[in-house]
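In what follows, chain A forms one complex with chain B and a second complex with chain C.
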Partner chain A sequence: MNTSAQLSNAKLKGRLLKDKLFTYTLIFLAFLSSVPLFLILFELIKKGYKQINISFFYKVAPDTMEAMVAVKNNEIIPGGIANGIVGTLIIVGMASLIAIPLGIICGMYLAENSKGKFAGIVRFIVDMLQGVPSIVLGVIGYIWIVKPITGGFSSLAGSVALSIMMLPSIVRSTEETLKMIPETLKEAALSLGVPYHKTMLRVVLPSGISGIISGVILGISRIAGETAPLMLTALGSAAISTDITEPSSAIPLLIWEFYNDPNLVDMIWSASLFLLFLILCLNLTAKAIAKRWKVQY
Partner chain B sequence: MNSEKIFRYLLIGSGVLIVLIALGIVTTLFIGAIPSFKEFGFGFIYSTEWNPTQGRESYGALPFIIGTLVTSILALLLTFPFAFSISLFLGEYFRNGKLPSFLRSVIDLLAGIPSVVYGLWGFYALRPIITDLGLNAQGFGIFTSSIILAIMIIPYASSLGSEVISMVPGNLKEAAYSLGATRFEVVKTVIIPNAGSGIFAGYILALGRAIGETMAVTMLIGNSNKIPTGIFDLGNTMASLIANQFGEADGLKYTSLVEIGLLLFVITGIVNYLGKLIMKKLSA
Partner chain C sequence: MESTVLEKKEVEVKIKAQPNKINNMMQNPIENIESPIINIDQLSVSYGGDKYSINDVSAGIAKNKITAIMGPSGCGKSTLLRAINRMHELNPDTHNKGTVYLGEEDIYKMNPILLRRKIGMVFQRPNPFPTMSIYDNVIAGYLLNGIKLKRREKDEIVEKSLREVGLWSEVKDSLHNKGTFLSGGQQQRLCIARALAYTPEIILLDEPTSALDPIATAKIEDLLVKLKKDFTIVLVTHNMSQAARISDYSMFMYLGELVEYGKTKQMFTMPKDKRTEEYLTGKFG
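Let's look at the complex of A and B:
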């Protein structure tokens, strides 16, 4: 074998080695990224499971003294997160009531006017809204609702802040879904003499309902874990509060309170575990719906 | 008026309402920031003092602007090797099968974990490690927050990348293979030049996320109102300053915090706009 052949042989080996090294590094790094998820889940389950019992769901959060006594006697902390659960349901529910209709209608508008100039502006603004930091929306909720309308911290203000936050994802998922529905379906309905609004509401919208619902659920799961905007709006409350003009607690707010109170540390993990479980369920539901009733033509 | 017309007005009305909401947000922040702007002028942006003492009140945003940018850019650098690997893994190396769908679900779950839970984990699990390594006495600071932020933005940084990588035309790759290129060389000479701007746009959008992130950072950065001297120093970001101090604020402090909110809004707006601009150039 002459030297030049040896040289090119060595060169080829080097290239192949490089290729292999790159592939293995890639696989290693990709899977290393999944480690934090399991560490977090492990930590939450390990530290959180023992506080979860039936009273965890129907009792309100304990105060510091109760918790201190319980921890001293080596008992589990009495009380639960009922005020947080009710608060989250009310706040997220009201935010959905505001954002879902507006989001779906606006998504329909964008899907119907894919080329229009004003629609382009609206699309741009929806994109920009998507990027607004949640804390800024908290400030907005404070200035729009807390100061002039409810005259103090309130769950209504929290809902308004969160509704602006979930709006973009609903608009975009509605638009994307409706765009995939073939024009012929609409034309068929229109040619039968069905008025435009009935075509849209009774034919086009139902065909895309799975994509829209999964977008809505993803929007809900995105806001259910939000803490920052609620700190400036709903503030938190020790009792179950159903009056939307009064301060209210929410599960993420409770986690924040537990975090700041050394006596309640044990409660943090259970509340976080429950919140995470809730959000994962929402995500899985959204995925299942999108997969099961996928629009197919 | 018939229902046909009402429906059309409703459609346009929803668009108008969204525009009004956005305009409302901007004007509200502007009006709220006016008193602070009158007091400090443009000096607010480069003043380094944040002093709420009665009678000697003086507010400046520079420490927080620097803190925000340093934390989020560091987070982006830390997340880069991981996000890039995931993008290539899902977009090129392993597109279908059990392994990639496992990785995909993991990333979806990472995106679903609330910020406050990341903060808790950072506080109780990551902070002791930082202290043990002797990087920082208490384990708080910019570096700690950046690590958590890096984990948080992995899903956002990797998803757009894997999408554009999977869209690189097959015949380009085949041409390179037929010339004897290894897969690594295909990645280097075909995929990255082709999908590079899309991958980059994904990182820019992830940066926008990191800049606006509040809770996890608040719990880990140490909340010091001085300009950080290094990446292991304590610091503060604009978002976490608002979260910490808005509740009890009034008067000059309140309007200064609103102005910080306005600045944060503008900065994330610019970053997101750049990201979208790159994406648009890509699709055109």
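Let's look at the complex of A and C:
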């Protein structure tokens, strides 16, 4: 009796140990997977922080001669990435303007008609869209906008390409969010004689707003760093460009240009740091909104 | 599903075995009710196809009384209730035979939006609007329909409605908190207040207390009895003692048919139909 109790006690201890070991292994592995992010951040900060000052945000990218002189004299390369920041804001902003209403309407349709045949087709197309390589979307922007409409490279074309790219995440997050909203909420409004469209816009949509907004922000953060589609559409520009029918720079395009110019290569770090920071902020905001604005039924 | 189909066949066989006995006893129940506010006229409702979830139901609903609808699960209680304010039409494939009159008007020829303004509804689970405060929830009917009210009118409606459901003293200091922070029973009373505030003539309630504890249930029962002074109440309930306690008239439904309809006292003491008796004595359901 006694011995068997001791035995099982020992067994229990062994199990607890295994349990602990397992937990610690998990923590370690989880930590391991976040190591690359910290290494990247560390590297970018180390190499890029010197470059980031006020003029970094309001001056356009330097040309190669200016940079060469500065490097020779062991000075910080003058100029900034203002043309890229403005370009990214305009291109991403316009892409959002196109994709957000379209995506939300589409997501609402899918949530409301989840079993319909047409809904099935739409859902399939959206899923396929998610898998389309971004360079192909660049080609689409080129064929649809650059050639027939703006007659040359333009930020509008870039926006169209990126809007297609962010559409799936908005559609799916809207659909998933709205599907979680209890049917009884809709019934409550309809039973008060509220017309269907008002019920959707003023009751159902606001109840899912946190999920939808965080989906939108994740969509934005996904396209903010895209380069390939912009190469075929917005092309790039040395000056700040606010005309949407003209070529425009963008932060990722600048990074690519810096990479191709031996004199400017040091600018890569600061520009990358800024872009990464921007995207991290967007992601954190999305998380915070999903949590804070969550509507409790 | 399959089992109900089977049961139905059995019952049909039974009915055929004793022809028309039941039907004779049921003869035109509308005449039993003096001055009905609603007349359900040979109503059958299908959710699609030729299977009818309720079959040839005729009944008058008495004004300023509580009418209870009872019956085993799946017998069509909710379907009948929802057919009265056309909420069943949310399912796109529904179709009806027969109709329902509100006073002299055929509700299936009315604008459903106007109809629902006259016939309010309260659901099984409390469903206050989660994005709205208690205050806004009460006047949601006006807010969502874009009916402009003066500040004073709003305050009046909110206070009056919340007093009517006995919630005023409990929430008067937190009117601008979200309605979803209330307890289940309070939420349900808020939902009743929301229906009342929009000044309907009739209130339909589908098992309004089945998600609540006994104390909250008792409060709502008292409330309904008080409200029948001003409103006509139709109540679906699984709870027989609830029907016995508060209703004036009772319907017993079985497999989509209105089996028996009459004064509640009479039905509970001397049911006319064997199936009603079996249900009331707990033999099935």
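Here are a few things to note about the model shown:
The rule we apply is simple: the second predicted complex is superposed on the first by the 263 of 297 C-alpha atoms of A that agree within 3 Å, B and C clash if a C-alpha of one lies under 4 Å from a C-alpha of the other, contacts with A are read in each partner's own complex, and residues count from 1 in each chain.
Note that contacts are C-beta pairs under 8 Å (C-beta built on N, C-alpha and C of every residue); 3 or more make two chains touch, one makes a residue touch a chain.
As the structure is a prediction and not an experimental result, all values here were calculated from the model.
Here chain B and chain C are compared by how many residues of chain A each touches, and B touches more. Of the two partner chains, chain C is the only one touched by A:184; chain B is not. In the superposition on chain A, A:195 makes contact with both chain B and chain C.
Applying the stated contact rule after C-alpha superposition, one finds that A:44 touches chain B and leaves chain C untouched. Of the two partner chains, chain C is the only one that A:207 touches; chain B does not reach it.
Using the contact criterion defined above for the overlaid structures, shared-chain residue A:68 touches neither chain B nor chain C, since it reaches no partner.
By the touch criterion defined above, A:272 lies against chain B but remains apart from chain C after alignment on the C-alpha atoms of chain A.
Of the two partner chains placed by superposition, A:89 touches none, neither chain B nor chain C.
Of the two partner chains placed by superposition, A:98 touches none, neither chain B nor chain C. Comparing which residues of chain A touch chain B with which touch chain C, the overlap comprises 195. Across the complex, chain A is touched by residues 85, 87, 90, 112-117, 120-121, 123, 125, 127-131, 140-141, 144-146, 178, 180, 191, 194-195, 198 of chain C.
By the touch criterion given at the top, residues 3-4, 6-8, 10-12, 14-15, 17-19, 21-22, 24-25, 28-29, 32, 81-83, 85-86, 88-89, 93, 103, 106-110, 112-121, 123-125, 151, 154, 182-185, 187, 205, 208, 211-215, 218-219, 239, 242-243, 246-247, 257-258, 261, 264-265, 268-269, 271-273, 276 of chain B touch chain A in their complex.
Within the complex formed with chain C, the chain A residues making contact are 182, 184-195, 198-199, 202-203, 206-207, 209, 295-297. By the touch criterion given at the top, residues 15-16, 18-19, 22-23, 25-34, 36-37, 39-40, 43-44, 102, 105-106, 108-110, 112, 118-119, 121-122, 125-140, 142-144, 164, 167, 171, 195-197, 200-201, 221, 224-228, 231-232, 235, 252, 255-256, 259, 268-269, 272, 275-276, 279-280, 283, 287 of chain A touch chain B in their complex.
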